[in-house]
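Following this message is one structure expressed as C-alpha cells.
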Amino acid sequence: MRSSKRQASQLRQVQITRRFTRHAEGSVLIEIGDTRVLCTASVEESVPPFLRGRGQGWVTAEYGMLPRSTHTRTGREAAKGKQSGRTQEIQRLIGRALRAVTDLKVLGERQITLDCDVLQADGGTRCAAITGAWLALNDACEHLLSQGKISKNPLRDQVAAISVGIYQGAAILDLDYAEDADCDTDMNVVMTGQQGIVEIQGTAEGNPFTRTQMDELLDLAATGIGELMAQQKAALHS
Amino acid sequence: MRSSKRQASQLRQVQITRRFTRHAEGSVLIEIGDTRVLCTASVEESVPPFLRGRGQGWVTAEYGMLPRSTHTRTGREAAKGKQSGRTQEIQRLIGRALRAVTDLKVLGERQITLDCDVLQADGGTRCAAITGAWLALNDACEHLLSQGKISKNPLRDQVAAISVGIYQGAAILDLDYAEDADCDTDMNVVMTGQQGIVEIQGTAEGNPFTRTQMDELLDLAATGIGELMAQQKAALHS
Amino acid sequence: MRSSKRQASQLRQVQITRRFTRHAEGSVLIEIGDTRVLCTASVEESVPPFLRGRGQGWVTAEYGMLPRSTHTRTGREAAKGKQSGRTQEIQRLIGRALRAVTDLKVLGERQITLDCDVLQADGGTRCAAITGAWLALNDACEHLLSQGKISKNPLRDQVAAISVGIYQGAAILDLDYAEDADCDTDMNVVMTGQQGIVEIQGTAEGNPFTRTQMDELLDLAATGIGELMAQQKAALHS
Amino acid sequence: MRSSKRQASQLRQVQITRRFTRHAEGSVLIEIGDTRVLCTASVEESVPPFLRGRGQGWVTAEYGMLPRSTHTRTGREAAKGKQSGRTQEIQRLIGRALRAVTDLKVLGERQITLDCDVLQADGGTRCAAITGAWLALNDACEHLLSQGKISKNPLRDQVAAISVGIYQGAAILDLDYAEDADCDTDMNVVMTGQQGIVEIQGTAEGNPFTRTQMDELLDLAATGIGELMAQQKAALHS
Amino acid sequence: MRSSKRQASQLRQVQITRRFTRHAEGSVLIEIGDTRVLCTASVEESVPPFLRGRGQGWVTAEYGMLPRSTHTRTGREAAKGKQSGRTQEIQRLIGRALRAVTDLKVLGERQITLDCDVLQADGGTRCAAITGAWLALNDACEHLLSQGKISKNPLRDQVAAISVGIYQGAAILDLDYAEDADCDTDMNVVMTGQQGIVEIQGTAEGNPFTRTQMDELLDLAATGIGELMAQQKAALHS
Amino acid sequence: MRSSKRQASQLRQVQITRRFTRHAEGSVLIEIGDTRVLCTASVEESVPPFLRGRGQGWVTAEYGMLPRSTHTRTGREAAKGKQSGRTQEIQRLIGRALRAVTDLKVLGERQITLDCDVLQADGGTRCAAITGAWLALNDACEHLLSQGKISKNPLRDQVAAISVGIYQGAAILDLDYAEDADCDTDMNVVMTGQQGIVEIQGTAEGNPFTRTQMDELLDLAATGIGELMAQQKAALHS
C-alpha cells in the first residue's frame, strides 16, 4: 500500500500549460500531482566561448526552487551566494537530457537556456523539469522555425523522465515527497520516444538493490515515460 | 496619450489569488496587468540574533525575479553568486513597508519571511510585491491565530503601494514597463489604510520635478492605493 | 528641543576642503558637524560595456565607511567579501543624483567615478557625500576642460542633498546620528540649483506621516539645500 | 579494438598503497592504470549540526584534482573561489557509497571525512576514489577500534566502483581518458561485496542505449568490481 | 642622486596627529612625506574563538587603501568581493609587529583591532601603518587604563618600521613610490625601542643582494627607526 | 638539544623524484624529512593581460595543502571558497623567487605556472616548494628547448630556500613542525647559486632578535642552501 493510495504503476495526474508566461520563446507550466515546475526556454544568438566558430548551437539548463516551494522554507540560493551541489547536479542532468535529442548543428550558432523553476515541490521535480522543458524547448524551436532562422526543428525525438523506487520492498512509479523520503532506492530514468535510455541514476538510500529489482524498476519507468510522452503530444496539439 | 491607452489615473486590471501554493502559511499570486508576483509568507519560530530575548517578532522580505520573467533573459542571481543592488534595495523596502503596519510585540518571538518572486514582469513589481505580500502576511497571521499561537492579529492596518510618474509632462498612475522606460520621473508610494505615508521614493530619471508635480503625483498615488486596498479587502472575503 | 540643541531649521557647521588628497582629479573633504566624508573623482578614458560606441560618458559612485568611522566598529566590507544592501543603495543614489545634472554627451566617452569614503560618521553621510561629490566632480570636469579634452563643463547645475525628519512630532533639518536613531520619519532630499527635485526618499520608521508633514519637511529641505549650495559656491571660489 | 589495446573486460593494473601519508587515520594511494588518487580518512569527534544528539555518526567525502593532474592544466578551485558542479556531484556520490555500507550507529557521534585527491588523472577517478576510500575508511575504523572508542568495526561490507561504457558499439570495462572521451555511453556502477547495487549512473553522451546494452554493461561491471574487491582484500592483508 | 633629491639616509618629513577622529579609542593620522595613513584602534570586550578562556587578549590589524589613494584608481576590494594577497600579507605583518611588543596577558580577555586605512599613498604605507598603529594602540591601552579595566599598560616597548632599498647600487632610506618602483631590492624592517628586530622582509626585485648590502640596509633602517621612535615619543607628549 | 635530535646545522634527509606525474612539462616530488611537496610546471602559450605584447614571458606559482597533509585536518580552501592569507603569501613568495633567476625575455610570450601541492607537512613547506619548483621549472624549460620553442634555457641560476630559527636561544637549520611551533624566531631565506640573497623573511614570534643572531642565522642558511643546491644538481643528472 503506497502512502499516496496509488497503484504501484500509477502516475500522478499530469497537467501541462503552454505559454504560461509571455516573454519567453517557450514557457510551459507542468504539474505532476502537487509538483509544479515552470519551464521557460530563452533563445540567445550566440554560443558559449568553447563552441565559438564551430557551426553548432548549445542547449543548457538552470534549475531553482522558490524558497517556499518546499514544506519548510529553504534558504534562497541567491542570498546564500551559491548554488547547492544538488542544484548543480540537477541542472547538469536536465541539460544533458535535452541535448541528447537535439541536433546542435541544425540549431546553428545560438544557445537555448531552459530555466526550470519549481513553484511547488512534492517529489519528482527534476523529472517534471525534463518533461516540461522538452516542450518549452520545442516551442522555442518552432518559434525559430517560424522566423526563418532555422530550416527544420532540431529536435530528433521526444525526451521525458520519471522517478521509480523500491518502497517497502516493492517497485513503485512516480514517488511523491513522502514516498521518496521513506523509500530504499530512488531511481530517475530519462528516455527517448524510441525507448532509448538517455540517463539512469539509481541510488540505494537504505538497502542495496538487486539486478531483479532493477529490471522491475526499468519496466515501470518505461511505462510511465510512455504515458508522459502521450501527454507531451497531447499538449503539442492543444 | 499613454502608450498603454489607459487614462492618466487608470489602474491596470488587478487579480488576486490566495492559497496559490499549498506549503506556505500565506501564499498569494497578485497580477497587475501583465506583472505577476507570487508572495509567500513563511513562519519561523525564532527571531534573528539581534532581537533574541526582547519579546518581539520580526517581519522580513526577500525578492527575486525568475530569469525569464523579463523581456530578455536576466542572469540568475544564484548562479552569479550575489544579489544585485536593485534586489537588495527592493527587499529592504518591502520589509520596511510591512513592519510599518505590524505590531511586532503582538507577533511574539517569531519571524515571518515574505518571499516575493516575480513570475512575469511588466513594471511595478515592487509595488505589486508589497500589495500582495500584505495579504500573504495577513493569511500567515490568521494561521497563527487559528493555532492559538497569538492572541490577536498583529496587523494594525492595511498597506499597499503604487508607482506614479511624469510621462510626457503629465502625471500618470501605475506605469507599465514601456511607460517606465520612457518617463521622466518615477515614484513609488507606500501608504496605509489610514492614508498615512509609509514610504516615498521618487527619482527624476530625466528632468527634475517640481513641488507642484509632486503634489499631483501624490494625489494620483492616494487614489490608486485606495483602489488596491479595496481589492485587498475583496480578496480577504473571497 | 533637539538633542543637538539646534533650532529645527538649523544646519550643522559645514566645512569644505578642496584638493584634500593629491592624486585624484577632484578631491574634496566635506565636514557637516562631526560627519566627514572624503569624495574623490577619478577620470577613466573609457566607458562601461553597455555604453560603448554611443558617444556619451558615464558618472558613477562608490561608497564606503571606514570600519571605525562609526560609534562601535563596523566589520570591513572587503573582509566580509561583499557590500551590504545599504552600501549599494547609497552608491546608486549618489550616482543618480550626479548624473541628473551632468550632460553625458558633453562629457564624451569617458567615465568619472566618485568614491565617497566616510572617515567619521554622525548622521547624514549620504547627503554629505552627494554635496561633496558634486564639488569633486566639478573639479574633475574643470581638469578635463583645462586639458582640452572637453569643450565645456558638462555640469548643467549644482546638486546637493540634506536629510530632514519628524522628531518628537516636529519637522527638523539635518539630523545627527542621535536624532536619526530616535526620529519617526527620515527623509533624504536631493535638489538642483534650480530648486528641481532630483530624488526624494522618505521612510516612516515609526508612525506614518501625513501630507501636511511632508510639505513641512520639503520646505525645510529646500532651505537647507539652499544654504549648502551657497557653501559649494564659496568653496569654488576659494 | 580498444585504443588501450585491452580486452573488453580487462581491468587496468591496480596498485594499492596503505599508509601513504602519516598523519591521517587512514591513508591509501590507489593507482588504476595511470589514474592515481590519494584517499585519506580523518576522524573528528563531533557530528554536523543536523545529527547532534541522535546517537549516530556521519561519513562524508570531499574530492579534488590537483591542477596538473590532467592533460592540460585545470584552474585551481581554491583560486576560483568555488567547487565546480562536477566536483560536488562526485563528492556527494563518494559519500553516499560509503554510507551505504557503514553502520552509523556503531560509529557513534563522530564524523569521518574521506578526502579523495587526484594526483594524476586518466579516467575513472571517481570510481578509484570510492574503491580506495573504502580502504582508508576501514583503516580509520580499525584505528578507532584499537583505541577502544568503538566496540566493533562499523563497516558491514566492502564497497567498490567501476566505470563501463559503450565504445564503438561494444560494452567495455574500466575506460581510460581517451576511451571515455570517445564513448557513446558512460556508466559508473557502485556495488557491495554481496553484489548489491548501491549506485548506478549511466549517461548516453551520444546515442541512447538499450536495455540489452544496459544488461551487458552491468555484467561487465559486476566482474570488474569482483576483481577490485579481491584487490581490496589483498591490500588489507599486506 | 635620489629622484627625491633626499640624502641616502634622509627620512621624509613626518607628521603625527593623535585623536584625528573621535569615535575610536585610539585614532592617529600619520603622514610620512605624501603617504598618509589613518590608524584607529578599536577595543572589543571579547577574544576570537581560538583564545576563549585562556586569560589573554589579542591584537589584530586590518589594512585598506582608499580607491583613489593611488596614482591611478585601484578597484575597491569590497566591490571585488575579496582582499588581495598583498592586503592580507600587510595586515598580517602589522598584527605580528604589534603583538611582538604587547603583553597579551596584561591586556586580558579583550581584542584591539587596528584599522590602517591609506588615504594617500606614496610608498612605505605598511611601515607608516605600523608606526602609526603603535600610537593608536597605545592610546587605546591608556584609555583602558583610565577606565580601570587593566592595571598597567600592556605595551612593553615601542615598535616602528621603515623601508630601505638598493637604488642604483646604493642603499637608501625611506623609499617613496617612484624610488620603490625603480629599486633593485626593497626591504621592510620592524624594530623595537630596544633595537631588537621584530620582522625583516627583503625582496630582490632585480639583482640579488649580498650580505654586505644587507648590512648597509640594516644600518640605515636602524637609524631611520630611531628617528621615527623619537617622533612617536614627541607625539605622546603633545 | 633539538627535539629532532639533529645537530644545529643538520639538514633533514632530502629526496627528489623527477617525473613523478606524467602530464606536466615538469613534475617533481621533493621530500625533506616528512615534508613532501609535489611541484608541477605547466606551460601555457600566452601571458597574463598586463604583459601582452611586451615580448616577455611570466612565471607564477600556486600553493595548496591537501586537507590531511597536516596533523589535524585543515578545511579545504576550495570548499571554503577562498584561499587564506597564508596561502596567498606563500604563492607570491614562490613566484618571486623563481622569477629572480629567470630571464623572462628568453622565455618569450608564454607563462609557466608552478603548482606546489603539499601531500604531507612537517615544517618548511614553502622552502621545499621553492627548491622543488626550481627543478620542475627547469624541466619545463628543457622541454621547451627540446621542442625548439626557445633557443636557450631562460634560467640564469639555481634558486633554493631553507628555514632557520632561534630555538632555545640557539640558531638551528631546517626546522620541523615541532621545532617551528616552539621557536622564538623563524626565518626563511631564498638564495641563488651565486650566493645572492633573493628573499629574506624573518619574524620574531617571541623575543625580538639581535643583529648578531641574524648573522648566525644567515650563515646557517647559506650552508643549508649550498647542500640543497648540490641535491638539485644531483637530481638533474639522475
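As written, the chain order gives the labels A, B, C, D, E and F, with residue 1 at the start of each chain.
The rule we apply is simple: contacts are C-beta pairs under 8 Å (C-beta built on N, C-alpha and C of every residue); 3 or more make two chains touch, one makes a residue touch a chain.
The structure presented is a predicted model; accordingly, all values stated were derived computationally and were not measured.
Undergrad: Note the rotational component of the Cα superposition from subunit A to subunit F, reported as an angle of 0 to 180 degrees in steps of 5.
TA: 120
Undergrad: Considering only mean CA positions as chain centres, point out the chain farthest from subunit A.
TA: Chain E.
Undergrad: Look at interface D-F and say which pair in B-C, C-E or A-D is its repeat, using the rule that over half of the contact pairs are identical by residue number.
TA: C-E
Undergrad: Which whole number of Å gives the spacing of the CA centres of subunit A and subunit C?
TA: Chain centroid spacing, subunit A to subunit C, equals 50 Å.
Undergrad: Need the CA-centroid distance for the pair subunit E / subunit F, whole Å please.
TA: 28
Undergrad: Can you give the whole-Å distance between the Cα centres of subunit B and subunit F?
TA: Once rounded, the distance between the two centres reads 59 Å.
Undergrad: Going by the contact rule already set, what residues in subunit E reach two or more other chains?
TA: Expected reply: 81-82.
Undergrad: Just walk me round the ring: subunit C, then subunit E, then whatever comes after, in order.
TA: C, E, F, D, A, B
Undergrad: Quick one: in the complex, what on subunit F touches subunit D?
TA: 21-24, 27, 34, 36, 38, 40, 42, 44, 62, 64, 66-73, 76-83, 87, 113, 115, 117, 119-121
Undergrad: Tell me, which parts of subunit E touch subunit F in their complex?
TA: The contact residues of subunit E facing subunit F are 82, 84-86, 88-89, 91-92, 96, 100, 187, 191-192, 194-204, 207-211, 214, 218.
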